[in-house]
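The data blocks that follow each hold one structure.
One chain, chain A, appears in both complexes that follow, with chain B as partner in the first and chain C in the second.
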Partner chain A sequence: MSLELLIMFAFGGAFLTYLAGKISSKLRDIFALLCSVALVVIVSSLYKVETTITLYNGFFGMPLSMRLNPMAWFFAIAIVSSSALVVLYSMSYMKHRERTDYYYFMLLLINAAMLAIVLSGDLVSFFISWEIMSWSTFLLISYNRNAALPAGIKYIVMSLIGSMCMLVGIISIYTAFDTITISEIVQHMATATAGYKLFLLIIFSITFGIKNAVVPLHTWLPDAYAESPSPFSAVLSGMLTRMGIFGFLLIMFVMVGAENSLHMGRGFFSYHNILAWLGAITIVIPTFIAMLQNDAKKLLAWHGIGQGGYMIVGIAFGTSLGLAGGIFHTLNHAIYIILLFLSVGAIEYSTNGLRDLNSLGGLFKKMPIAFLGGLLGICGLIGIPLTNGFVSKWLIYKTLILGKAPFLAFATLLGTWGTILSVYKFLHNLYLGQLPQEHQNIKKTPLAMQIPIVILSLTILVFGILPGLPLKSINAMIVSFGFTPLTVSIWGISSETGTLNMINIFSILLVVVAIFWLIFQAARKSTAVDQYDNYAAGAAIPKDKYNYTVEFYAPFYRMATPYLRDIFDMLYQKIARFTEFACDNIRKIYTGYVSDYIIYIILFLALLISAQLKWSVF
Partner chain B sequence: MKILSLFISPLLALIIGLLFLGISRKITAKIHWRCGPPVYQPLIDVIRSFSQKSISHGAFFDFGIILSLSSSVVLIYFLPVGDLYAMTSGGLIAFLYLMLLGPFGIALSSAASGNPNSSIGVSRKFLLALAYEVPLLLVLLTVMTHYNTISLVEIVNIQAGTGMAFSSWALVLPGIAYFLILPAVLGVRPFEIVSAPQEISSGPVAEFGGKHLAFYTLQHALQLFVGLALFVNIFLGGGTLFGLLNPIAGTVWATILGIIIFLVKMFIVLVIELFINAVYPRFRIEQAMRYLWKWPTLIAFVGLVIVAILN
Partner chain C sequence: MNEMSILDPVLLIAIPLGLAFLIPLLGLVSKKIVRWIPVVGFLFNGIVALLILPHVLKQPIIVKIGGFVPPFGINLYAGSVGMLLASLIAITGFLVSIYAVKYITKGAEQKYHILFLLLLTGATGVVLTGDIFNLFVFFEILCISSYALVAYLGTRSGLEASIKYLIQGSIGSSFLLIGIGLLYGQFGTLNMADLARQIVDYTEPSVFVSMVFMITGLGIEAAIFPLNAWLPDAHSSAPSSVSAVLSGIAIEVGLYAVIRVLFTIFAVSNFFIFFMVLGVLTVLIGEMSAFAQKNIKRMLAYSSIGQIGLIVFAFSISTQLGVAGGLFQMVSHTLGKALLFLCAGYMIFRTGSMEISSLEGIGKKMPITALCFTIGTFSIVGLPPFTGFASKFMIIRAALANGELLLQILIGLVLVGTIIEGAYFFKIIQTIYFKGAHKTDNREEAPVTALIPMLILVSFIIVIGMFPNIIDKVLQPAASELLDQVKYIGSVLG
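Right after this comes the complex of A and B.
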């Protein structure tokens, strides 16, 4: 019963919010918030419930159904809670914008569509929800117009290619097995040939690879993340892109099955190994490209691609530990990337839309909460111990090292060390350093924007110190895929080959910090000085120009810029331009003269006749 | 033992680290035909700094430096010095990550001061770190793959059974690579790009005085200790010397002698490094990156390929 209620709430809430906006904007805001909080309550009440319902029976004689299992629940709770926080944040962020009714409508519709995706029990409802999600995403990406329009077009073109691949896959499954229900497909899969399974894996991998932005299918992502409104960038990077991970899990471990998808091909040239290597490339190259970015949101966007690689590597490696790492990283990534986008959004809000890393600085004294969010967010992104990102990355590294894949492990570790450089630049150029004069009196961050930031910051620490909380439900998911369960306790993971105990590290660091803090306080008190009172080796200090942000890693840029280009984007642009050119020329055959058209017809007939004479086709 | 090492390890590391700082100044001075400060000079400086005036650019400025020193002490708990170690949770991977918390804390603190020289220093520090981490990660991965474990203690224990890792031929190349990057890890000449007093007023330290400077010096001493101790642990067999201590294994004397052997090994490595490096002038950051990404990386990579094929 409550599964229907959930879907009704999700879709109905979206439409009603739009209608409420026509009455008053305050009513709409409150209604949207209540609706998304209600979804969180309903989904959390469904914890550990496993059920299947049929929504509609007459779709060309095929049942459209919904099913709830550990995998669906895990993604559902992540979707609804992140969405609730983003709606709360939007209440202040979107206050004085235009077309807000439409914004809320689309935001809630995307939320509902994502819920429907993870809950769908058959491929047709999966496809329908997938399309609702893709189209409404397109509308929200191009919400800001101007530069956002081409970004949206780029997204929707790639998304359509993915959808078409999925459609081909679904139709082929229907013709082969005569069913679209996932649980029945699983049973039929035993009779399928290895070649057919590989075909399914590849065709769905293109769809989900585009959504999850696996190199070389990533090119839509940087522009889309950078140009959409910040709260939506958060949803886009946190959960929507990770529907690709959900899809990979669905095709690899549910539909085709772990024992098939992990033994497809041989040696290096096996399906999952090539996927893992694509994941590794996805980690390394985008992470280094991120270092060159000067737009805060674009920097985060490139990291969004890079972190997606960790999830792919973990999942593709296909051991309990790696799978747990990959799935856990999906959740962790959602938490810290949403936090980072909200933090950048707070700056945009206060400085009237500035997000250029070269013209900001020193905001940590003016916006302490947003700074806290940014700091913990980048700590999570790097994976500094005691934040959530550390645990999932640790699981992935350990899998790779003990699984005899040192080169993959090297790629993942290298990605992390590249991450440090660019995210430090992010934090330094936005929040640290000197505060420019023109930002001395910026707008305060409103409470509705502070609350989500604080909640997410705390979540990062809680999941970092007590990783057992989410790992328990991830464990249930892994068991449902047919893997051996992990020994998970609330503070970490224990095994014969190495134990991770976060509370141990946390308590000892806490004690040591406390001791040194006491020593620090006991020593002679220091005098407080302002930002202009600093040492310049005897030189006079010009106010406002005495900052170091532009070209933060200048020597590295000089060395690496020629090599770090997005060649795939250039290739696709070239193909797009060529297609445009070719179509433009083909158009010229429509001359408008009847005599020309008659010649075309005669030529075509002549071609047919000569073909018949030569090969006798008909 | 673990409880005991909670107190002993940091004290030992701090004192030995400061002593090594003093020794390295003295040896460098002698090579330069100068007299040099006494060996205990850094210790006096730290004590003196605590009583001196300092300035503060706000709470975050203080917090960063405290975090940096604290995480370095936690790092010491992960590091087996002979039989002394307090923690194993997470193994070498957790150790690697904790290693980055020290510089990160200093980076946060000095960037909060708003001094551009500090920012330049931090930017150099991260670039240098990226440069030496590439070969370092390759080296550590080689060792972990070779012994098939991620635990630092286990790596040391395996060596206690078989002698130094250096004597097993598969680990010769990674050992050489680590030795080549060691000055960069320790931040000594010719890789003292980060502080470079004549160019950027000591970089990250520019705004530190009094207790901040004292904390920074202590952190620097610990960093020196960790860099050397990691090399000794991974390649030189830690606190063992070809089974010399086996007859008295398990006794208190064996533990103490183990620690002494460990420290002597560290000292020898330090002195060899100093002899080689004291005569070089300082690199520019591009030169350092190019050097570190060329020979050490190549050697480490070949080492990893060999070990990966052997497995």
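Right after this comes the complex of A and C.
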């Protein structure tokens, strides 16, 4: 199966889905699902294939090409599988919504564009796909109307800033080396000066930093995640944002090369060290801001930023172990954050769009599958052993400890601590505690929404117990960057500096659980009571008078809120307002009086003449 | 030359001019037929221009009117630049006149079609002529018909805009005439090639006075900052079909005249930094003014100013790449802006208001028009895979090619302009599709005569955007023609 076919299938499928929707919505749903499943099949059939093809020379005679290598395959399979699950989920979630044809079209177009990004073998097709992804994302973020509109504008403006930086970078590479093919750029890079390499690293880092929401370029993300339709939030957080990680890998380890990008600058003030520190800041501050959120999706969104920090730290540290951790965390994060967004989406679906943590609660009996997803999702997010997040976080901690970076290690641990606090709030306020009266008779979660949640929950456990499965292909990627390979077994990683063997942990935990189970068996039986059978200070609580979930962590709020403001967002808002103000005033040059305009004309003439008389330019 | 008798560039001017005068006569026969005359005329022009185009890529066609050998008599210079723009004018004219068949139904219909033909005849004349006085004459035809067309709707704002435009345009024309007069007084010739030849050897700095007058005069029509104050009023008050041509053709032709005068007649190279800065200023001021607009047509008009600034900037780089990029940007802007104005025309017609806020929900009401509009904005902002991206790519490449710091800073500012442009266009797109409550309005799509030109423009935008090689084959010779003054003189004077 060739790459051209894959790309044509991806883009063509998106268009055809739209057309199918004009005939019947059933046909469209099935067609969209078949398309995305077919893409999964095609991509998995390309495992371990390495190939390069030239698509066409139509763009100013530049050879636009596609290439498949371990890095591209790894991201491609993640994109297509998450897309397939999300499409399946959308079949129920998006039913009875407006413009569903358009929704599916954009969703599939975004996935096709992401696929084209990771497969592109040259920078121009990379940029073209990147931009298609950006504008179609904008169109889908705006889908929910109202609050989604400013979120969309925020996203697209920041994204445009990023792409303009990238465009300058790409064209400067083209003028410097006279090629846009990535494999050729790699060879030319040896002749470039260190200053030029640093320029490239910085200018591309802005682009990818915006996409991956690295502090201080993160401000588009919370609103965009929160206001998108939930299945799309899942795509956005799971894969689309992580195109930034792909970009960082591309610029740091493929184009500029590890030996250059890891030795840029001196001591603390080296490129990768500063990037790692930005990553650390990205972990700590957003994770604590997440704790303050009362909107379930915003809470997840802030974690999306924070988890991105772990990936950046791992990658920027630039050892085999760190890279493996960073990349693996990208995959793991995709799995559990998609799962979490889908679980929240299920609640939204059942409660007619409710996602306020203060007014929900006690849903676990009503929505057991969504609860399962939420529970395993937050376990992954925290990094509890036997879930996938544990392995990648372990790799990152290990890297930082081995690399003698105690402060960075502390930052990552602090982030995990904050994560535990805030996701407990998430879980508790949605599923545990008292069920508010109005949610007694909520809609059931449809099967099409349950299946993706179950699959993702299982994946979390499978990758947590058998991390060797994905680590094998990550290892291949690391080797292609020129790093020493890790010794990966199906159960984990073994090395002289520390061995991770999940099967041992698994068996120990099994034993511990068995012991506890036996103890509890011996103890007195607990009695099951109704969910409303609650007491506080010995007195029965009247129904609907008290909700445990309101103002969770209130003391912490009072303490932390002044320190946890998003100063960058405020700064950018200020800049935006200033720009608006400036624009409004610039417009006043055109006064509307023709006499002023004639003065402009005369002044222009006078300026030309005096310029000549003074400097004799002609 | 015998087999090329149908391929005579003179026809490009003669046919629409003749048809314009035929309209009053044909109007006596049938009112309906009049509407189709511009369509027929520009279809013919388009075909002829596209047939001539491949012939002129290597060697320009010099038409000697009345058989007088240059520098005596008037000659047409149908080179690659001229034919590229002439084809563009004919194609745009063709599409816009199809649009106008249903769109222009009120008022002095016949006069509209006459003026429309004359406007584009003037434009074609400007890009093809090799004689500087002839250039003035065609320029006047272009300007005077556009003054009248701006006031076509007869509204108060239209008349006001037209008068303002008239005042500023007349000042421009007089400056142009002063410049031409000074040149004629000094050199005794009006032939561009002959003038160029003599100016090369002429060391007196006094020649710059005429250059300054000519640039100022032409710069008004070209909408270079600060000479562009007439544009927002005129472009927004005219009927949309006229705005499409004014934005898409008229200002670009004005800019072509400036470039031709600068590159070919005066061959100044050390003047371009000034123009570069001017171009960037035009971009920033145009885009920033557009950002604050609430009226869709004014916004599009200001955006045209921004685009013109980008084209000026590209030309001022004055390298092969830069000039080719500027020409390409002209093409993308014509296609994109014509499309936007055509779409906006029916959106305004259906909603009855030019306020952007009134466009809420138009995406449901007029899905095809809204889609075309969206694609047009994407192309103007410069997003792939549309043509605006390809041309912007070329310009950035030209700006970064020689590694000058000034150029790098200026292109940075241009890109800031692009971001502002993106912001306001994306806001409109949100208004069209997502703003307001979800309503299920009845469909009120634009008529087929409007949809056809829009869809053709969209297909151009996509095809050229994906395969810019098609147009690059014309752009490269065109750019070398503009840059190579010696060859120009040689091919005219022999």
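Simple rule for what comes next: the second predicted complex is superposed on the first by the 587 of 618 C-alpha atoms of A that agree within 3 Å, B and C clash if a C-alpha of one lies under 4 Å from a C-alpha of the other, contacts with A are read in each partner's own complex, and residues count from 1 in each chain.
Simple rule for what comes next: contacts are C-beta pairs under 8 Å (C-beta built on N, C-alpha and C of every residue); 3 or more make two chains touch, one makes a residue touch a chain.
All values derive from a computational prediction rather than experimental measurement.
Peer 1: Superposed on chain A, are chain B and chain C clashing or fitting side by side?
Peer 2: When both complexes are placed onto chain A, chain B and chain C end up side by side without any clash.
Peer 1: Determine, under the contact definition given at the top, whether A:142 touches first (chain B), second (chain C), both, or neither.
Peer 2: Once the two structures are laid over each other on A, A:142 reaches chain C alone.
Peer 1: So which one touches more of the residues on chain A, chain B or chain C?
Peer 2: B
Peer 1: Please work out whether A:383 is in contact with chain B alone, chain C alone, both, or neither, and reply first, second, both or neither.
Peer 2: Once the two structures are laid over each other on A, A:383 reaches chain B alone.
Peer 1: Who does A:428 touch here: chain B (first), chain C (second), both, or neither?
Peer 2: After superposition on chain A, A:428 lies in contact with chain B alone.
Peer 1: Which partner chains sit in contact with A:359 here, chain B, chain C, both or neither? Use first/second/both/neither.
Peer 2: neither
Peer 1: Output check: A:480 vs chain B and chain C. Expected answer is one of first, second, both, neither. What do you get?
Peer 2: Neither: A:480 stays clear of chain B and chain C.
Peer 1: May I ask for the angle at the C-alpha centre of chain A between those of chain B and chain C, rounded to a multiple of 10 degrees?
Peer 2: Superposed on A, the angle at chain A reads 160 degrees.
Peer 1: Is A:179 contacted by the first partner chain B, the second partner chain C, both or neither?
Peer 2: After superposing on A, A:179 lies clear of both chain B and chain C.
Peer 1: Check whether A:516 is in contact with chain B, with chain C, with both or with neither, and answer first, second, both or neither.
Peer 2: A:516 contacts chain B only, not chain C.
Peer 1: Looking at A:596, would you say it contacts chain B, chain C, both, or neither? Reply first, second, both or neither.
Peer 2: second
Peer 1: Determine the nearest approach in Å between the Cα atoms of chain B and those of chain C after overlaying the two structures.
Peer 2: Least C-alpha distance: 39 Å.
Peer 1: Please write out, lowest number first, the residues of chain A touched by both chain B and chain C across the two complexes.
Peer 2: Chain A residues touching both partners: none found.
Peer 1: Can you tell me which positions in chain A touch chain B when the two form their complex?
Peer 2: 362, 364-365, 375, 382-385, 390, 394, 397-398, 401-402, 404, 406-407, 409-410, 413-414, 417-418, 420-421, 424, 427-428, 432-435, 492, 497-502, 504-505, 508-509, 512-513, 515-517, 520, 523-524, 526-529, 531-537, 546-549, 552-556, 558-559
Peer 1: Where on chain C does chain A make contact in their complex?
Peer 2: 163-164, 167-168, 171-172, 175, 205, 208-209, 211-213, 215-216, 219-220, 226-227, 229-230, 232-233, 266, 268, 270-271, 274, 284-285, 288-289, 291-293, 378, 381, 383-385, 389-390, 393-394, 396-397, 400-401, 403, 411-412, 415, 418-420, 422-423, 426-427, 429-430, 433-436, 438, 466-469, 472
Peer 1: How about chain A: which of its residues touch chain C in the complex?
Peer 2: Residue positions touching the partner: 57-61, 98, 127-128, 131-132, 134-135, 138-139, 142-143, 145, 148-149, 152-153, 156-157, 160-161, 164, 167-168, 171-172, 174-175, 579-580, 582-584, 586-587, 589-590, 592, 594, 596-598, 600-601, 603-605, 608-609, 611-612, 616-618.
Peer 1: Which residues, counting only chain B, touch chain A once they are in their complex?
Peer 2: By the definition above, chain B touches chain A via 50-58, 60, 62, 66-67, 69-71, 73-74, 77, 86-91, 93-94, 96-98, 100-101, 104, 107-108, 111-117, 119-120, 122-123, 126-127, 129-130, 133-134, 137-138, 141-142, 144-145, 148-151, 201, 206-207, 210-212, 214-215, 284-286, 289-290, 304, 307-308, 311.
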